[in-house]
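You will see two complexes here that share chain A, one where it goes with chain B and one where it goes with chain C.
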Partner chain A sequence: MKQSEGKIGIRELIAIILLSVGTKLTDDTPSILFSTANNSSWMSMLLIGIMSIIPVFFLLKVFSVHRGKNLHEVNIHLFGKVVGNIISFGVLLYGFAALVLDSATYADIISTMYFTKTPFLPIYLLLLIVCGYGAKRGIEQIGATAWLTLFYLKITLFLAFLISFLQGEFKMIYPLWGPGVGEIVKTAGRNLSIFADFYYLGLIAPLVSTYKSFKKGTLLAYLIVAIELVIPLIIFVMVFDFTSIEIMKYPYHEMILYISIGFLTNVETIFLPFWLIATFIRFAFYLYLVVLLFGGIFKIKEFEYLIPVMVVLVLFAGLAPQYGVFTISHLRELLLTSLSPIFFGLPCLMLFIAKVKGDFKNESSKESY
Partner chain B sequence: MNRQRRVIKLCVVISLAMMLTGCWDLTGLDEKVFVIGIGLDKADEKGKINITYLIANAEMGSTMGGGTNEKSSMTITVRASDFISMKNIANSVISREISYDLLRLILVSEELAKDEEFIRFIYSAIKDREVKRTVHLLVSKEKAEDFFKINKPLFLSRPHKYYVNMLRRANEVGLIPESRLHYFLRITEADANLFLAAYTTTSIKKTEDEFRADENDAIAGDMRVEGETNNSQFLGAAVFLEGKMIGTLTGVENRMALMINDTTEVSDVLSVFPDPANKDYQISVRIKKTKNTRVNMDLHGKTPKIHVTLPIILDVLTDPAMNSPVESKKELEKIRKGMEKYMEGRVKELVQRTQQEFKAEPFGWSLYGRKEFKTLKEYKEFDWMKTYPDMKVDIDVSIRFGKFGEQPKTPSYKEIRD
Partner chain C sequence: MFKLLKNIAGRKNKLKPGQSKNTLAKQNCQKKQSVSAHIDENIDLMKEIYQIPHNRDVKIRELKIGGLSKKAAIFFISSITDVQSVEESAIKPLLANTRGDAGIDEIIATQNVTAFLDIKDLVENINQGNAVIFLDGSTKAFVFECANFQGRSVEKAESEVLIKGSKEALTEKVIVNLSLIRKRIKNEDLIAESMTISKRSHNVVYILYIRNLADEKLVANVKKRLASLNVDAIQNLSLLEQYIEDRRLSLFPSLLYTERPDRATSFLEDGHIVLLMDNSPDSIVLPATFWSFFHTAEEHYLRFIFGNFVRVIRMVAMFITIFISAIYISVTTFHTEMIPADLLLAIAGTREKVPFPIFFEILIMEVAFELIREAGLRVPNPMGPTIGIVGALILGQAAVEANIISPIVIIVVALSGLTSFTISDISLNFALRVIRFLFILSAGVFGIYGMSALFIMGLFYLVSLKSFGVPYLAPMSPHYVSSGDTIFRRVITHENFRPGYLKPADIKKKGDGAAK
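Take a look at the complex of A and B:
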């Protein structure tokens, strides 16, 4: 393996994005969409996919003139020391909250759907330890693992959805407009932050070998993920119909519990391990991002050593909410809703300030060299 | 130094393997007993039901070790609040942990199925992850408890094999519907159609006069079968409206309903039609359906209209009149027309029955209906279930002949008798 001082290439970047955003369809994100957009959730998702391209595009634009800087450094540069730090700190808080709530959700999935007798704590602890270990190994290792496992994970996922598609009933996606256009758009607006991961990607921008591969990788992964999130939402409706899907918490897992491959029943045991690996990679990456940002704000060079502390913090925060799942899913919805305008607004603001500051003029003159 | 590190790493890896046991969820196969069927009966106290377990003996039938003389299955019945808490109550007589991992069917007595309370008990099924949505929901004429006790199949005495094979085969030939719990939940929640559950019984009529004249139109318990065989019948369907049983369909009615409904598949149907050439005899046919049912709707008029075209392919397998209709096109056309008319009549009867008696349909037409609406609100306002009884339903059966048996021609009856 060639040594490259902790940088990742385009395929590792794509693999990380596909696994960290792509796995969202296997948790309770679909059920948040289904609760308001019913059988037309896929349209909301499509709309989210189309709208989110704007902030992502702006962000890439800003980074094109600040190569070698990460999101935090760009923030400092654009907003000044005080405001920049405050914004970064806010971003950090949101990242931390997302990490806590998402990981708690995943631990809940494991404990309610698969290991029913095991208490929540050991499952959560184990999940975080594994992810902490992954994060400690650094972005290069996370990327390599993601790339290595990507195809196996996606093939099994594809298989699960293919079987469900064949066993589903296409007519169930009608009436096409579900709860009405207004509700579809509202749902999309509220949950825009499903793609907020792309904002956090700015943190690893300088860790990607070249800016060109960062840009290309992000856009390509964006396209794949957008498609990957829309189609399963159609398939869920085809299998469960709009009324049942509303009361379902984790549709993906209900689905793999339901389907059978020919004479093989209980096939969830095939899909579970692959899903777990994707989960590990996702949270290892999140953990890494949060620690990276934390280290950036508080000027800690050897930020990797913060990971054990962060794991403990996440663990306690994740255990805190009472009535477990309900509070967590409620908070998650709140987080998604409140993050949406920020995710949309911040990149626009950044681009605007960069324009005002005249960063782009420098760039064009630099490029002509 | 390097060696030492390697040893430490190896130790860590090996200790990781301990996690594979599944922490608290660790169980051994020999520490579990597997429930194959759950029977639900009305209890004498409100809020409780009588639950019967059909438990398979895992040792039975294994060729290794010569097998044992133990019975292949046992049944226990306990009054409980639901079948989740029953797991532990049953442990007062059963020595091992009770598992629903291999649960194949939930059998409900007709008495309970017709009760308003039934829906409360069946919905605990979705709370337990071990109860899969692929479990079959059956209705028995007698008490479920009695059914499990009396039903002792002669072959396939291991219960999981027997029930799985029985249900699959009977569904393939269209005698019973494919009554997965998943469909029950989906249809009940969508609140537009009827759900059909397989109907079964061990209480078979004894005196001859009580049998139906036509064995094609029988329902479980009505079929006259003589000889030494299994003492249960799986035939016909129990009709559920809004999670409550409201009636039954005979084997043939069920078959027609399945054939019209595209969401389920019947693959191997043999049936008989009256022979147009000779009223005393019947022609055997194999019915194949390769194309989907075509459903056209006009829902926005004063009386909503549905036009259904059912395309089928018929293999004519017998020729009891012995006049080789294959030889003449005219003759064939006559038979075809006659069959189409006959079948249309039967289907129309069924549709009428659903409109008048059940006030809802098991054909899945509401799914086609959804296309006609833009939003869910419009669809819900239309209220499929309420409108259905007043709809004008037209049925068209279009028959195409396939094969005419291995040997299409038969010698003339008259010539042989000559």
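Take a look at the complex of A and C:
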């Protein structure tokens, strides 16, 4: 009721997180996990979910004393102007790389799984134009759209997995420990950055109506997303068994190709539009984040006008590794692996510096007044 | 040759386009006088202003008041005045007067007599159907109300038809409309402010709101927007709507247009503002959200389950209207594997002799449907149904037999056309019809992918729309306290709140458990 201009509420925040992190199970993220942790990937995922709570919690802690500041401003405050800008720039580069690789992956899914005769370029171009349009509208609109569609997207996703669960074979999840505990832990450590989106959420922290709803929304969404990412990994194994799942590129799409509902034997086109909508919202949000951070670092107030430029940049960067799907997926793995320690370490460092600087003391004394 | 030169010379004297003589200023200047003590001067001035006797229906009755033994003159426009009342309650008593010390207001037997000093006010009153009395030796002129504009009586609603609920519709007379609304809200806080919005025709708009409910800022905003208009004439609300809406090029309407007094009333009671005008058999409700276009009054008159059943039907219908043709195109062109084999064979069989691609086939039929629809609307009444039957049945049948269209396309297009009628709001109806074509195009280019892209872009656009500061899809997103009347409605005893996006002064409209 007290919603002010340009801000989003807790509902919109949760919806954005659920769509941007939740859709990861429909791209090649599962296959990256499956390639090393085999049929026990869900345990790795569970481990990632449990471990990632630490940086997320630290980050929330830092933001609790820096209300009204976004991630970049907090970086500047904590690390000083030079180091802070360097760190933010690094974060920007990672964000940009993730945006390029992820969007190229999604365009690749569309072109290899559904539009096999259409060239890659128009598909990618349309994806980016739509996302650019969404990002241009602003965070409020992205949030509202995410919230409006969330229910329908999740219902269809749930339906797809329910049907797969019923048509799958539960015994296939054995042997429970797969390649062994060591490999499971290693996979988890390498791919911790699946939850790195939560780090980037710091960028929109001041755009959420209150800190309380930011904290509550983030934690609630975290819980839902963690569950949402673990269970499908079990179901993928139940449907395909571990040998075939390791060579599969996009298990979710293979799965909806595989299942059937009653007299409809090919149902993937029913699920496709919902998945596409989630995709559009996700990349609109990513694009918005990257441009927001870019505008923050280079002090550009009206950063919305950078979006067309950014779309063109992403387009060319995304087209470059188009000579083989494997390049993109290889780069993506590299990105995930290298981002993992940063995602884990940076919030810890931030909290540490904030403690040393005595930010928390001020806060507690303020509150006691 | 001379003609040409003359033309060139003549053109110089003429005004350039865009540079006009300001006749309005001259007209105003003439009226900027006060009433003279000499009645003959007044009469001459009025005769000049109204161009008597060229203006045939402006009447002037000069007489001498018996008791006062003074000259008097009554001005009125006979076509918009109740002549009988002028005769009975003004002319007759004036002539019959015998008392020497009586004032005009003591002689005349009308509901009110007001004195004015300026000619401008008098002219305004005469234009509104009132009569003016000049009295010799007085610098005041007296006005009494006797307006009687012609118009139809209250009739049945025609475009928003209900089975259960009141049948009356607003008419072209604003006084009647006000009466219909006041009949439903017997509260002194229902304010009906009036405002003149045009410079020449002096069209008056009435701003209705409930004083201690509607947000004062909103009321001020609406008044400001109305006051900022600089137009010679705005005849009715349909035109006014286009002047005051937020985005004039938008596909989606941002002001609700309703001909039902009961609907306008229920919006007033929620804290909305209603505009009324003469010459408009309807009212404008603002701010309006998407849901107000989607709803009709009947869903609240029907019982809970039936009302929501209607909503489901309408939602499905809306979906079919927008998507079915586009889905047919994309499924048959891009995603054929989706259709069960038997059906696919059947479709292929019927399309065997059709020479066009499916996209083109659908487009032909959709355009034909729009043509029939527009023609059916414009043909003179007695021929209407005939055209419909010829258009729909014979044309469709013949097109199939001539192998131009496959029968399944007829089904698809007929469905999409018929279902569009479930949306009763004309603006939203038009919007959907246009959107349908956009989806057909996008499906033709990119199948389901193109449709999804267009859909999400439309949604991004919809959520960024605002009507007088209210988000278009509120209260669904962004969230506000409200009775949750969006796709579905709640049980009536649980609809406790006024919509929060209007920032009403009193958010609660019912006690908890309104009926025990």
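Assorted remarks:
Rule of thumb we're sticking to: the second predicted complex is superposed on the first by the 364 of 369 C-alpha atoms of A that agree within 3 Å, B and C clash if a C-alpha of one lies under 4 Å from a C-alpha of the other, contacts with A are read in each partner's own complex, and residues count from 1 in each chain.
To be clear about the criterion, a residue touches a chain if its C-beta (ideal position, glycine included) is under 8 Å from a C-beta of that chain, and two chains touch if they have at least 3 such contacts.
Since this is a predicted model, take the numbers as computed values, not measurements.
Look at A:T243: by the touch rule set out above, it reaches chain B but stays clear of chain C.
In the superposed model, A:G134 makes contact with chain C only, not with chain B. By the touch criterion stated above, A:G178 is placed in contact with chain B alone, chain C being left untouched. By the document's definition of touching, of the two partners only chain B reaches A:E169; chain C does not. Of the two partner chains placed by superposition, only chain C is touched by A:L276; chain B is not. By the touch criterion defined above, A:F89 reaches neither chain B nor chain C. In the overlay built on the shared chain, the residue A:A144 is in contact with chain C alone; chain B does not reach it. Once the two complexes are laid over each other on the shared chain, residue contacts for A:F360 go to neither chain B nor chain C. In the superposition on chain A, A:T265 contacts both chain B and chain C. In the superposition on chain A, the residues of chain A contacted by chain B and by chain C overlap at 114-115, 118, 122-123, 126, 265-266. On the side of chain C, the complex with chain A involves touching residues 331, 334-335, 337-338, 340, 446-453, 455-457, 459-461, 463-464, 471, 473, 476-481, 500. Remark: chain A residues 1, 3, 8-9, 11-12, 110, 114-115, 118, 122-123, 126-127, 130, 133-134, 137-138, 140-145, 147-149, 263-270, 272-273, 276-277, 280-281, 284 touch chain C in the complex.
Within the complex, the chain A residues that touch chain B are 38-39, 112-119, 122-123, 126, 169, 171-172, 174-180, 240-244, 247, 254, 257-258, 260, 265-266.
The touching residues of chain B, when paired with chain A in their complex, are 19, 22-25, 101, 129, 132-134, 182, 185-186, 189-191, 263, 367-368, 370-371, 373-379.
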